[in-house]
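The following block contains the structure, expressed as structure tokens.
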Amino acid sequence: MQQAELKDIITEWLPGATFDENGQWLNVNVEPKDLHLLAVKLRNHEHTQFDYCFCLTCVDWKTHLTMVYHLDSTKFRHQVVVKVKLDAAKPEVETVSDLWKTADFHEREVYEMFGVHFINHPDLRLLILPDGWEGKNPLRKNFEDPINMIKL
Amino acid sequence: MIEESFTTAEGDLVINVGPQHPATHGVLHLVITLNGETIKKVEPHLGYIHRSIEKMSESLTYRQFIYVTSRMDYLSAHINNHACALCVEKGLQIEVPGRAQSIRIIMDELTRIASHELWWGAMSMDLGAFTPFFHAFREREVINEIMEETCGARLTMNYMVPGGVMADIHPNFQRRVKDFITLYKKKIHEYDELITGNIIFQNRMKNVGYLSSEDAIAYGVTGPAGRGSGVSCDVRKHSPYEIYDKLEFDEVLETAGDSFARYLVRIREMNQSVRIIEQLIDNIPDGDFQAKTKAVLKLPKGEFYQRVETARGELGVYIVSEGGTTPYRIKYRSPGFSNLSALDHMARGSKLGDLVAMMGTLDLVIPDIDR
Amino acid sequence: MSIGKYIKDVFSGLWSLVVGLKRTLYYFTHHKEIITEQYPETKPVLPERFKGEVVMPHDEKNEHRCTGCTACELACPNGTIKVITKFDITPEGKKKKAIDKLVYRLELCTMCNLCIEACPSDAIKMAQTFEHSVYDRSQLNKVLNNPGSKIMDGVE
Amino acid sequence: MWSFSHIADLLHEWLSKTFNPTFTLIIEMVLAGVAVIGLFAALGLVLVIMERKVSAWIQIRLGPNRVGPKGMFQSLADTLKLLVKEGMTPDGADKFLFNLAPFIAMIVAMLLMAPIAFANNFQFWDMNIGVLYISAISSISVISILMAGWASNNKYSLMGAMRSGAQIVSYELSAGLSVLSVVVLTGSLSLNDIIHSQENGWWIFKGHLPIWISFITFIIAVTAETNRAPFDLAEAESELTAGFHTEYSGMKFALFFLAEYVNVFIVCAIGATLFLGGWMPFHIGHLQAFNHVMDYIPSSVWFFGKTFFLIFVIMWFRWTFPRLRIDQLLNLEWKYLLPISMINLLLVTLMAIMGWHF
């Protein structure tokens, strides 16, 4: 499906979504509350069938966080990027691990690295960081670790 | 008191496979709940060699950050470097000379063969056959020597730079690659004699660690593991980079979805890699090995994503640039991380001995998972 | 399972084992296939591109080509190289920047070759040494320019 | 000619002349004990270096080549290292059983030495139920493994021990049945009689297909019984790190290691005795000249040659095959080996009754 068609079909589902076509793929910006709804449609609609989430990550923009979902369809081979702007102080978004199981691990990684809380995630625990790690999120821009800093 | 600590409330045995364990080939820590010999749950605990490569890359320039990625999946170091170089080139819109493209692909495919050979040996060793390990290293050593001669290092080459490759190929390169192909063709049937045809091996592999194609897609299992489940997930085919679209090779697909299918995919993929190298080795175009680039690279503001096929699956490099000399954020979508997430699903209900076969055929490289 | 298939299974299984045994027996009896290298006695011949350690070549007059431009220091991703400069007085009485010390910390080096690529005057290169083990980590901090060395004429 | 039996006879004569009968017996027993322990030590050293060389050559390596000529003293150096190492006992372990287990393994291996005929007329104890004695005693070795696994208080050890228990108990059956087929043909349980029954041809060269089948079953079963690869599930290092001896170190580990090799030697010696004619030289029909040349080779050389050939075969297996899974291991025994060896035994019995063998 071409970018224009994708844009039309997503606008139909979510009139509030905004688009950015400058990049490699179509970028869709949605509100956190709409994410799961859009994800279900993208995953299951017969013309989109985005069944493969090949990248799931987060970007810290200091003022806010952005969740980035890269979706691919193994049937149609079209891609789309869904972006969700999150509040930096209390980032919360609904999980998509029920739709793409790979999101389970990736969301756990984002949870510990950025502190994003995923609502309804089945097993939101630390995955990479050691047990008892509290508060600080290493990939946030304001992260500082004066003890383990290597001084050159 | 011994009895109390030994089992869970349900009477299950919880054992820690790793962080130091012969089968994990690194510091992977799996907490396994066992009922007798049958696995009830596998829970990976990661991070024992997490070096925060993503965070490190944020403070390195676009030339510097490439070398770190050799340390992610150290068995496909070339391909990792390639992915980063491609992503930077995409941002800068550099046209890579044809000579560099051919060299890059030959290097990638040699890396893939070397990686699969090490996997073959290590996986056979996990299953209890020690001899294949040494036999596989004999061929792998030849590739390593080719790498050493041209790139100056055996494992972490840092040969790809934005715009091409760091140095031209060594004068001996073509001859030695051809020698390697001759040797490879002479020895590859021994792999089948030793391991593939062996009845014990086949029984250990068949119907073990079944992963349906739907599950493989859902878990994001890519590379030979995904293709063993019948998912057409070869990035070289569906979104080709460099000159892969002009080359003749087949995407190896097996539909059984078990460990043996994943094994066969890797073995056949080596033959396809040899086929690619044979097409290119005599036709490396003349010209520059590196495009002219500025001394200080600055990517325009924006987001760039590059997908490549490493020996283990799809590697994604996601660069967010703010227009500076260093990336604002880098995400590496490593294949091992997603492949590992399917392990629990595959392992439930199997025997403890099968776990080794599954981990072997998923071809987990721990630094790739932890990054 | 029929009896015929049972017997066929047994024999094909045994045959597959015999094929493997034949292969290992071949290697057991053919000792010229052995690939072991006896390392300390026979040292490996390393190709000239092998990246072992950064060195600064000096000529017979104890002169090097380093201008102290710090390009290598900037190119290094790990902060391995530290260029300490001083000011020489040239015969014309002008002040000229030159290196006092070029400190190289081997323990931090990943042999990525970026410093050598960056060097505009080819002052440093990779050596093919590889036996770097020492008893004390401080021995890995090296000063690359020889004591009393100075810059070669004509290198700017 | 200087043969073992000759030396033993001379010694016995001299001792009888010098001392009274009771004292002679005591001295002879002490000497036998010393001989067994010496044989143990020698076997350990020889078999370890042999295994390392065999594996090295199969794996296109050189193997140990630094200590002594061609690395022949490597295992001696290893033994010295293990001797001076600290033998640790883990905190939660059952200390008594933990320390006892390696000795049980050794004692069982020592007891098995008794009825083996090392050369013509050279046997520690020629008992009339030699075969029965061996199958009875060799079953005890599982106790030491279970003991070690349980007492270590380690989950890997326990699993290894449990696997080993299931394995050894099952494979006893087909090993026993395949031994029985020779016993049936010979009509005697004494190892000496069995050897003498092969005077005009070793059992596997007499052309009986059932004996071939039982020979193959025997080799497979004893490989499993001694926990050697491809049946080394008790210590499967990629699954259970080291199985039942995970927690052992130093000399206690060395004893397990030694017991494994001595067990391999013993089962191969039994295999050589039952199927390959023990110390009997190789004869071809009526080629008198050839047969005389063969007779000239001492009987002990024949015995050790055959035994070491079988040991090599078992090592060859180890360095070629991948390991089986536990359920496949039991499948192999109960679905394949056991039925085959039972039918085979039936055939052999029929042959013996009808007098078809020669």
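Things worth noting here:
Per-chain residue numbering starts at 1, and chain names A, B, C and D are given in the order in which the chains are listed.
One rule holds for everything that comes next: a residue touches a chain if its C-beta (ideal position, glycine included) is under 8 Å from a C-beta of that chain, and two chains touch if they have at least 3 such contacts.
Please read all numbers here as calculations on a predicted model, not as lab measurements.
Two chain pairs are in question, B-D and C-D; the one with more C-beta pairs in contact is B-D. Seen from the C-alpha centroid of chain B, the farthest chain centroid is that of D. Averaging Cα coordinates per chain places chain B and chain D 45 Å apart. The geometric centre of chain C is 51 Å away from that of chain D, both derived from CA atoms.
Centroids built from CA atoms put chain C at 41 Å from chain A.
The mean-CA centres of chain A and chain D are about 63 angstrom from one another, to the nearest whole unit.
In chain D, 58-61, 319-321 are the positions where the chain touches two or more neighbouring chains simultaneously. Contacts with at least two other chains are made by residues 17, 20, 23-24, 35 of chain C.
Residue positions of chain B touching 2 or more other chains, listed in rising order: 131, 138, 194-195, 198, 200. Residues 22-25, 27, 51-55, 57, 59-60, 68, 70, 74, 77, 100-102, 104-106, 109, 127-130, 138-139, 143 of chain A are the ones touching chain B in the complex.
Per the touch definition, chain C reaches chain D in the complex via residues 10, 17, 20-21, 23-25, 27-28, 31, 33-36, 38.
The touching residues of chain C, counted against chain B in their complex, run 12-14, 16-17, 19-20, 22-24, 35, 46-47, 49-51, 75-77, 110-114, 117-118, 126.
Put simply, chain B touches chain D in their complex at residues 2, 6, 13, 15, 21-23, 37, 124-131, 133-135, 138, 194-195, 198, 200-201, 203-204, 351-356. Looking at the complex, you find that chain D touches chain B at residues 55, 58-61, 92, 153, 155-156, 159, 163, 229-230, 232-233, 236-241, 319-328.
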